[in-house]
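One chain, subunit A, links the two complexes that follow: it is found with subunit B in the first and with subunit C in the second.
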Partner chain A sequence: MLDDVFEEYGELFTAGNVCFFYSGYLSQPLLTAMVEGFKVKLDRDGVSNPIRRRLLSSLVEMTQNIIHYAQDTLTPSEQDDHQLRWGSISVTLTQGHYLLECANRVDAAQAHTLRERIEPLRLMTHAEIKEAYAQAIRQDTPDGSKGAGLGLLTIARDAQAALTYRLIEDAARPGTVIFLLKATI
Partner chain B sequence: MENLFIAATPSTPEVDFRFDQHTLSLKGESYPENATSFYGGVLERVRQYLAGCKGTEIRINVSLAYFNSSSTKLLFSMFDAFNQAALAGNEVSLNWFHDEDDETLFEFGQEIHQDYPALRFTDVPVNTD
Partner chain C sequence: MSQSRVRHSDIEVGKALPWDVYDEKGTLLLRKGYLINSEGQVDRLVAVGVFADSNALRQSRIAQVEAEDSEPEASPAQEWLDLRKKMELLYENVELTIQSGQFISRITEIARCVDSLCGAKPELAQAIISLRQDGRYSSRHLLDSATIARLAARDLKLTPAREFGLICAALTMNLGTTCFQDEIKAQSTPLTDEQKERLHKHPEEATTRLKSMGVNDPIWLRAVLEHHEHFDGTGYPNGTAGHELSPEGQILRLADIYCARITFREYRSAVPLTVALRGILLERGKTVDQTLAAQFIRAVGIFPPGLQLRLANGEKGVVVRPGSSPNHPLVVSLIGGDGLPLSPPVQRDTHNPLYGVGETIDPATFNAYVDIDSIWG
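And now, the complex of A and B:
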C-alpha cells in the first residue's frame, strides 16, 4: 500500500518537495508538531513572514477542521478537547507554490453545508472574501460550529487562487462522503 | 485581585495580565484546539477586573504572531470588553504589535481600531527579520 503511494509521489518525495504527507489520526499535539517542523523548513527556505503566516494559518485551519468535524473519530463528539480524528493533510511545494490538501470523511449534512459554504467563496474576488471575513468575525457563531464558521473563509482569504474541493460519496459507507479540499499559497 | 499569568505553549499565547499594575499583555501564537476553553476563563477574569476599574489608566499590549479562526472571535469579545471599560470612563490604550510586512495582521488591527473607537489604538509594526 505504502509502495503505491511512494510510486505515485515518486519524484516529489525524493526531490524533497513533499513537505509532509500525513494520513491517519490527527490531534492537536500532532498539529503542533507539524507546525513546528514546517516552521523550520520555511525558515530554511527563506520564506517571507507574511507567506509563512498564511501557510501556517491554512495548515492549522485545515487540520483543525478535521480534528473538529471529521466523522471517523476515536473520541466522543461531546468531548471538548483531546480529539483524535482520521483524515489526511499534505503540503507539497511545486513550481514555487505550496499546495495544501486535506481530506476527511463527513456525513451528508456536513457535505451539504460544505458545498453551500465553498461554492460562493470560489466565485468571490479577493476583496469580496476579505469583506465577507470582516463581517463574519462580527457575527454570532453559527450553530454546530466550533470555529465561528470562519475556518473556510480564513483559508480562502490566504489562498492565491480559488479553493478547489471534491465531495465523493462513499458507496462502501452509504450516507458518508469524502471531502477533499485544495488550497494554493 | 490576583494577577493572571498563563505560560505560553507552542499553540497558546502567554497571558500576562498584571491587574495590580493595570498592564495586560498577550504574546505569542494562538491556535488552541478549543478556543472557548482557553479564552473563556481569561475573559471571565478580565470582566471581573474591569468591573472594578474606575477612571483607571489601562495599558494593553497584544503581540500575536498568529491566531486561528476560533481565537479571532474570542479576541474580538475581549476587545469589546475593553472598549466597554473605556466607554465607562477608563483610559484604555491598546498597542497592536505585528510584523511590519504582514498586511493581514495590520488590517486586523485596523478592524479593531474602527470597531472600538473608545480604545486608544496604536499600530506598532515591528521588524522581525
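And now, the complex of A and C:
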C-alpha cells in the first residue's frame, strides 16, 4: 500500500504540470502561506497581471469556501473564526491553460443550494455573468443567500470557460455529498 | 457596523483605498485613503483575509461595475468561449428548442457568429480549438468542425451561400445523437454492433429532423447526409462514391475527422495537429478525394496556429501564423532552451535556421500558459 501511495506522489512530483496541490485541513494562515508560495511561482513564470489576478482571486475564493463551509471540521462548526476544515485544492497547467480544482464535503442542503446556484451560472456568457454580478451587488446579495453568491460569481467571472462541478453522494457518510468544482483560466 | 470580506477585484493598484480595512477580529489595519502600489500588496491583504464596512464596500463595488460598463466588450477569445457556451446550452435543451420552433433560427445565428469571428481573426479561430478544449465535447466538436469547415471553404473559394450552408451543416450534423456522441467519446472499448448501427443511421436521422423543421437548403442537407460517406464508396449511410459526393459533404467529413483527432479523449491524449493532418494525407485517393485533401491541408496549414513545437535552439512555443513559406511558420516561444519560462514570450521566425522547426510536442506535456488574448487578440 505504501508503494501505491509513493507511486501516486511520484506521479504528482514528476508530472511537471502540477503547480500546486494540497489536501487536508485548511485554515486562513495556511491560505496566506499558499498564496505567498504560488505568487512567487507566477512571478517567476512571468504570468501577466490580469491572469495572475484571476488565478489568485479564484484560488482564494475556492479555499475560503472550504474554510467556511466544508463539513469536515476540527473546530466547532458554529465557530466563525480560526476555522480548520478539510478539503483539497489544486492548480495544474495543462494544454496551455490553468485548471483550478477544489473538493470538499457538504451536507445535502448545501449540495442542493450549490446546484441551484451553479446551474444557471455555468453557461452564462461573459456579459451575462458581469450583469449577474452587478445585479447581485446592487441587490446586496450576501454570500449565504439564495441566488448565485458573490463567491461563485467571482470565480465564474474570472474563469474563461464554463464552470464544471460534480456532486457525488458518499455511501459511507449518508446525508453528505462530495462537492467538486473546476474553473479554467 | 456589519463587515464583509474584501476580494481581489475590490482593490485597485495605484488607487487609494475607499474604506478602512480590518482584520478578522475587527482590528484596524489600514485607513481609508491608503495607497496600494503593487499587486503583491493586494495578494497579501486578500490572502490574509481582510474586511471592510459592508455598505462602503457595496458602494465601491457599484462604482466599479458602472465604470466597467464603459469598458470594451469581450475579447475575441472570450467571444469564441461564449459561443461554445451558447452551443452547449442550445444542445442541452435541444428538444425544447425544437418544439418551440426556435432551433433553426438559433443555429443560423450561431453560424453567422462563426462566419464573422473566422473572418475577423482566422488564426485565433484555429488556435482556440487546440488550446482550449473545455466544455461538453459533443457541442464543442460541432462548433470546432464548423470553424475548420468555414476556413477551408473560404480557401476553396466557395460562394457565400455554399459556405453558410456548410457551416449550418457542421453545427447540426449530429442532431439527435449528441448524447450518444458524448457516450462513445468517453468509451475506451470498441463500439458494440448496436452502437455501430446507431452511428451509421445518424446522418439520415439528422437530415430527416432538419427537413421536418423546414430546412430546404440542399447544400446544408446534403452535407449532413454525406459527412460519413467515403470517396471510395466504403462510407455510410448510402455508400455513395467519387464525384457523386458533394464537395461540402467531403469538406465537412475532413473537418469532422481533423477536429476529432486533435481532441483529448478519455482513453488517449489529443494527437498533435500535424499528426492529424498526416492521417488525412494518408487517406487521400482512398476514402478522401486526393485534390480536396490537398486543398484542405493547405487551408488548415501544415503548421496550424496553436500547434505546440520545439525549435532548433531548444525553445518551446506555439505557432502564431504562417510565415514566409508554408514550412516556416511564425512561432511565439514560451519556454527557453533551459526549460524556464520566457518572460516576456519572444516571437521567432522559423525561417532563421537558429529557430528552425524541431519537433511537435504532445499537447498533454506542454507546460506553459498560452495567453491567447496577447498573442492573437
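Criterion: the second predicted complex is superposed on the first by the 162 of 185 C-alpha atoms of A that agree within 3 Å, B and C clash if a C-alpha of one lies under 4 Å from a C-alpha of the other, contacts with A are read in each partner's own complex, and residues count from 1 in each chain.
Keep this in mind: a residue touches a chain if its C-beta (ideal position, glycine included) is under 8 Å from a C-beta of that chain, and two chains touch if they have at least 3 such contacts.
Values in this document were obtained by computation on a predicted structure and should not be read as measured data.
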**OP:** Look at where subunit B and subunit C land on subunit A after superposing the complexes, then choose clash or fit.
**Re:** clash
**OP:** In the overlay, answer first, second, both or neither for which of subunit B and subunit C A:Asn49 touches.
**Re:** both
Original post:
Counting only touches as set out at the top, which of subunit B and subunit C does A:Ala162 meet: first, second, both, neither?
Top reply: second
Original post:
Does the superposition put A:Ser57 against subunit B (first), subunit C (second), both, or neither?
Top reply: both
Original post:
Which holds for A:Gln95: it touches subunit B only (first), subunit C only (second), both, or neither?
Top reply: second
Subject >> Broader residue contact with subunit A after superposition on the shared chain, subunit B or subunit C >> reply: C
Original post:
Which partner does A:Gln83 reach: the first (subunit B), the second (subunit C), both, or neither?
Top reply: first
**OP:** Based on the superposed arrangement, let me know which partner A:Arg138 touches: subunit B (first), subunit C (second), both, or neither?
**Re:** both
Original post:
What is the shared patch of subunit A, the residues that subunit B and subunit C both contact?
Top reply: 28, 31-32, 35-36, 48-49, 53, 56-57, 60-61, 64, 81, 130, 134, 137-138, 150, 154, 157
Subject >> Footprint of subunit B on subunit A - complex, ascending >> reply: 28, 31-32, 35-36, 48-50, 53-54, 56-57, 60-61, 64, 67, 80-83, 130, 134, 137-138, 141, 146-148, 150-151, 153-154, 157-158
Original post:
Given the complex with subunit A, which residues does subunit B contribute to the contact?
Top reply: 10-11, 31-37, 65-66, 68-70, 72-73, 76, 99, 101-105, 107, 111, 115, 128-129
Original post:
In their shared complex, at which residues does subunit A touch subunit C?
Top reply: 16-17, 28, 31-32, 34-36, 39, 44-49, 51-53, 56-57, 60-61, 64, 81, 93-98, 123-127, 130, 133-134, 137-138, 140, 142-143, 150, 154, 157, 160-162, 164, 184
Subject >> Residues of subunit C that touch subunit A when the two form their complex >> reply: 4-5, 7-9, 24-25, 39-40, 42-44, 46-49, 54, 58, 61-62, 65, 68, 73-74, 77-78, 81-82, 84-86, 88-89, 92, 130-135, 264, 270, 308, 318, 340-345, 363-371, 374
